[in-house]
Every structure is written in structure tokens, then in C-alpha cells.
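We just call them A, B and C in the order they show up, numbering each chain from 1.
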């Protein structure tokens, strides 16, 4: 029975991923080949079709990690710890992708690899902050402490994100105008949305699978079988009463 | 559920320490497995067992320093998991770790907890405690200069200061010399006179069973034996083959 | 309240007893400032322009030492656990330690200021305002730093883990403190110091409350 539930969960996750990959393929095809050129940037802008969806989903992943951490601390339910671990990992992968894409975009456009754009810089800081949290999880052996401490760290790191964003934006505003594409008009929206949902489904499926891996490892850590009772206690009770 | 002495009919809280199915794990190893017992107020219990049998874990659990993984425990009716502050107010633990600040003097190491407890932290109020443990002449020396035995004495003084209706002593005789042994015996008497329930983990079976009313033996985290303390070092009517090695 | 006062008393005594350590950390910070000037080169103009940055980098690096040391006496013989079992509230222990760290970092920062003036030929038109910024920035470092120091002291690889967790978190403190300090040193025609100090204040307010709330979960089992 339990195995059947497990099978259904894995099947559902794979279904999500397949659907997501499909959306991504269609969206990318339209974005790369069908959508018109952009007025200012020509063809280079097309990176936006992965860049923006990845950005949305990275933030979504970290937000989910925040709520998972909060729920774990409040409820003590271990499934939230598994989801927390999966979401943090996913967020780090997406944030890393984002920074790489940002560099790829910045070099031909601005001539530099990094342009201190507030959103990109905040993402870089988040990448490092959450990588630190992942390192924390690796360096703590006790599962209870690992779960509690990383949950606390995620909450603090997430609360910090808007502050980081505002301070970088302020700091950078004296030097540079907004560098990434911000407003998007209609012909560009469809492939953008397709890709956004594509990555969302892909990410959801991956988080589901990764949570399962984390949960299985936890199972072994939290409830190894109790040692068998070799010494016959009830017999002693009888002896005690007889005296 | 093993009753270590006949339950005297009386007020609801006659049971001072109650454990039910206590389990505690460190990594893949269970340090305590399904330990259950009841100890009535005012009695004293010796906890015996080999190294690694779970004695310290049990005491730390009852003191709320660590949480049980399974099962429950109550101190004077208060749950060790949900009512930690209440349990801590009424209990005191003498741990393996001395809880001392190396940079502070003996006196200062008593002043810190005294202040937290809202008690008189003046020299005059705390010196008698140091005299009790024969450390009065070292009151103003830093603990970093103390030997292991002296640290134990100071830790005993700290436990005496903290007081409480339930006193948990983890290897109080450890690191002490013969005068130190007599000191522990004397302090044990002080706790008993105050009407406290005392649980003492120790390897000194003869000494412990002379002081305590009851005895409890842990073996690999499980409760292996219970009964009157005087029956502990000898077989006393029980088959010696069933007792853990080194106890009979 | 009694507990907070008791905690402060204990911290003050601990600080006094380990005052030699503070001196050692100051020397570390001073060495860092010296190394920065070697890294940049003897370009007076460049050094003066970036003096604020060097000061705060030096303070940030030194802070990891003070923060970690702060928990050594607490964890050596499990003194912190002993206090928790008295009972003492984790909050009082946190705020006592965080306040003590704040004082230490402020003193350290203030001691590095004259060094900055000398090494980088930085002007000092508003010394008291500068000390104010040092205090605000130190508060921003101390609050999360105390929490993470308590956490990482009990984990493996603690020396690497503390900066790893701590540095990304205090990026806003670094940015705001450096900006504010720079403006105070080199001139602030449009009164931009105020918004930066407000940013520092909000960071401090958020973290002093949040970290205090979460400290219990970090030190209790």
C-alpha cells in the first residue's frame, strides 16, 4: 500500500517534469525563432526568455524554502525539513544559472561581465547565503539540530533579501541606469509565460523528487529500530512480588 | 511500569519522578530504550550500569537538558518536554560538565547563578557554600588553576546553591579524593534533610547502596533491574546470571 | 529583567577578564588595514577615496574572531547549558551576549579609526557622527553574528562555517556603513548620510528582534 503511494508520488513528479520540459521546448522555440527582434538590443535580448522565468522561479524556490522552514519550526513535521532542503538546493541551482545568464547578457551589451544590476547582485548574495546554509547542513550530523539550525538560518537569510536589494539598488543608482529589460510588450509575453510555467513545472517535479530522497535518508537517521529486549523483565517483576 | 516502593496513598503529587517509555537516540544508536519507572517524593534512587548504559542520558533527559525522542517523563507532575521552565525551577543537575567559567574565580562562579536566580550574591552569602565544600581559601582563584577534584567540589557547591525538590547527581564521586567522598555523603544527607528526591548515578555500588533507598540498573539503554538498594551489590534472591556483568 | 542584568554582569566580567584578547584582535584588524594599503599601492588619492571601505572590511574580518571567541567560555564546560537549566531564558542570554559583542566591536571600530586616518590620509571633519556610524554598523554585525556564532560553535568546521553564513547576510551593513562613513569623511553636500543611517537602523531593528526570538531554538536541544 505504502509502496503504491510512493509509486504514485514519483510518477506525478515525473509527469510534472515532462510537462514542464514540453512547455519549455515550445516556449523556447517560439522565443528563439518566431518572436520578432527587439528594437534596441537586436537578437541578444532573446536570453530574456530563459533569464526572466529563471529569475521568477528562483525567487519562488527560495520563498517556498522560507515557508517550509517556518512550518518546520512551528509544526515539527519532518516532511517540511525534506522540502526545505530540496527547495534550497533548487534555489541555489537557479540562482547560479541566473548569475551565469546575467554575465552572458552583460558582456556583449555592456562590455563587462558583471554590471552590479541590483536584481542580479541580490541574486548573487542569495546564492552565497543559501550555499552557506547548505554547507551548514553538511557540517551538522544530528538531524534535529541540522533541521532546526538550517531553518533558522533560512528565515534570517530570506528576511534579509529585500534589505539587500534596496541597499544595492541605492548603492548602484548613483552610477548606472537600470540595465536589464524590465517592461515587456505583448508579442514577447507568450513565450515568456510558456517558459515561466515550463520551468515552474520542471522545478516542482525536481523538488518533489529531491524531497523524497531527503525524506528517505531521514527515515534511516530518525528511526533506526530499537534494540530487542533481551532481559526478561516481567519474570523479575513476578520474583519481586513473590518476596 | 515498575514501582520502586509501595505507593503510599496521599496527595496526587506523591510521585516525584515518572518516566514512561523514554527513548533517546544519538545517531544510529539508542542510548535509552523504553525506560519506565515511578519514584515517589522524598526517596533516593541509585542508578547503576556499565559505561555507556545510558545513565547520564537519563539524568540529562529528566533535567530537560535534552529532549526524549519517544516517551514521556514528568517531574512533580510537570512534563519535561512541554513544561521545561517549570521542571528547571524545581530540579538541579550535577552534570559531567562542570558548568563553570574558567576565567572566573570560585566565588564568581557562584555569584553568576545566584544573580540569575535572584538570590543574594554577596560574598557573605556565598562564602559559607564554599566553606561547605572546603574551597573557601581558594574563593578568589580562577577556576583555570583548579584541579579536577576542586572543579567537582565547586560544581557540587553550585548544585547546592541551586537546590530544588528533585536533585540529579551524575557521578558525584568522580575525580574526588576520600575526603571528597565524605563531602558527597554529607551533601547527600543535606539534600535528603531538605526533603528532596535524589537520583544518583554512580559506579561506587557499596557506597551508593548504603545511602540510597532504591536502586535502578540500566543495561544498553534498557531498564534491567530495579528494587531495594541493599539488594543491588549482592544477588539477594535473584539469579546472578540474569544480572548484567559487573553488578553482582 | 533580573536575568538580563545578571547576563550583562556576567558578560562585563567575562570581557574584563579576557581584555587581552581584544587587544590581539585589534592588532589583527590593524594588520589587515596595513595589508589593504599594500594591495592597493602607495596611491594617496586612491587610498583616501576608499578609506571607509578598508575600515569596514577590516572590522568585518576582525568580527569573526571576536564573535567566535565570545562563545568559547560558554561552551568549554557547557556553562551556557548550566545557565539555561537554572532556569534562565535564552533571550536574556542572547541579548547579554549580543550587547557585549556590540560594545566590543564598537570599541574595535573606534580604535581602528585613527589608524585609518593615519594610513590612508583620511580627513576627519565629523568625528562624533563617524563614531555613531561605527556604533550602528557594529550593532548590525553583532546581532546576527551572535546567533551564528552560537550555532557554528557546536558544528564541525566552525571557523569556516561562521564567515560562510555571516558574510552574505551582512552585505547591507557593509554597503550602508561604508557609504555613510565615506560621506562623513569626504563630504556630504546632499545630506545622503541620513538615508544610509536609516537603512542601518532598520537592519538593526529587524535583526535584534528576529535573532533574539530564534536564539532559543539554536541553543536548546
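Definition applied: contacts are C-beta pairs under 8 Å (C-beta built on N, C-alpha and C of every residue); 3 or more make two chains touch, one makes a residue touch a chain.
Just so it is clear, the model here is predicted, and its values are computed rather than measured.
Chemist: Starting from the defined contact criterion, work out which chains touch chain B and chain C both, please.
Modeler: The shared contacts of chain B and chain C, listed by label, come to A.
Chemist: Any idea whether A-C or A-B has more C-beta pairs in contact?
Modeler: Answer to which pair has more contacts is A-C.
Chemist: Tell me, please, which chain's centre (mean of its C-alpha atoms) is farthest from the centre of chain A?
Modeler: Result for the farthest chain: B.
Chemist: By Cα centroids, which chain is closest to the centre of the whole protein?
Modeler: C
Chemist: How many angstrom lie between the CA centroids of chain B and chain C, rounded to a whole number?
Modeler: So the centre of chain B lies 40 Å away from the centre of chain C.
Chemist: Quick check: how many Å separate the C-alpha centres of chain A and chain C?
Modeler: For chain A versus chain C, the centre distance works out to 31 Å.
Chemist: Can you work out the whole-Å distance between the CA centroids of chain A and chain B?
Modeler: 47
Chemist: On chain A, where are the residues touching two or more other chains?
Modeler: Residues 141 of chain A each touch two or more of the other chains.
Chemist: Residues of chain C that contact two or more other chains, please.
Modeler: In chain C, 221 touch at least two other chains.
Chemist: Which bits of chain A are touching chain C when the two form their complex?
Modeler: My answer: residues 73, 125-126, 128-129, 131-133, 135-136, 139-141, 144-145, 148-149, 151-153, 155-157, 159-160, 163-164, 166-168, 170-171.
Chemist: Where on chain C is chain B touching in the complex?
Modeler: The touching residues are 2-3, 5-7, 9-10, 13-14, 17-18, 73, 76-79, 81-88, 221.
Chemist: Spell out the part of chain C that touches chain A in their complex, as residue ranges.
Modeler: Against chain A, chain C makes touches at 144, 147-148, 151-152, 154-157, 160-161, 164-165, 167-169, 171-172, 175-176, 179, 195-196, 199, 202-203, 206-207, 210-211, 214, 217-218, 221.
Chemist: List the residues on chain A that touch chain B in their complex, please.
Modeler: The touching residues are 141-142, 220-222, 224, 226-227, 229, 231-233, 236-237, 239-240, 243.
Chemist: For chain B, which residues are in contact with chain A within the complex?
Modeler: Against chain A, the touching part of chain B is residues 2, 23, 25-30, 33-34, 219-225, 227, 237-238, 242.
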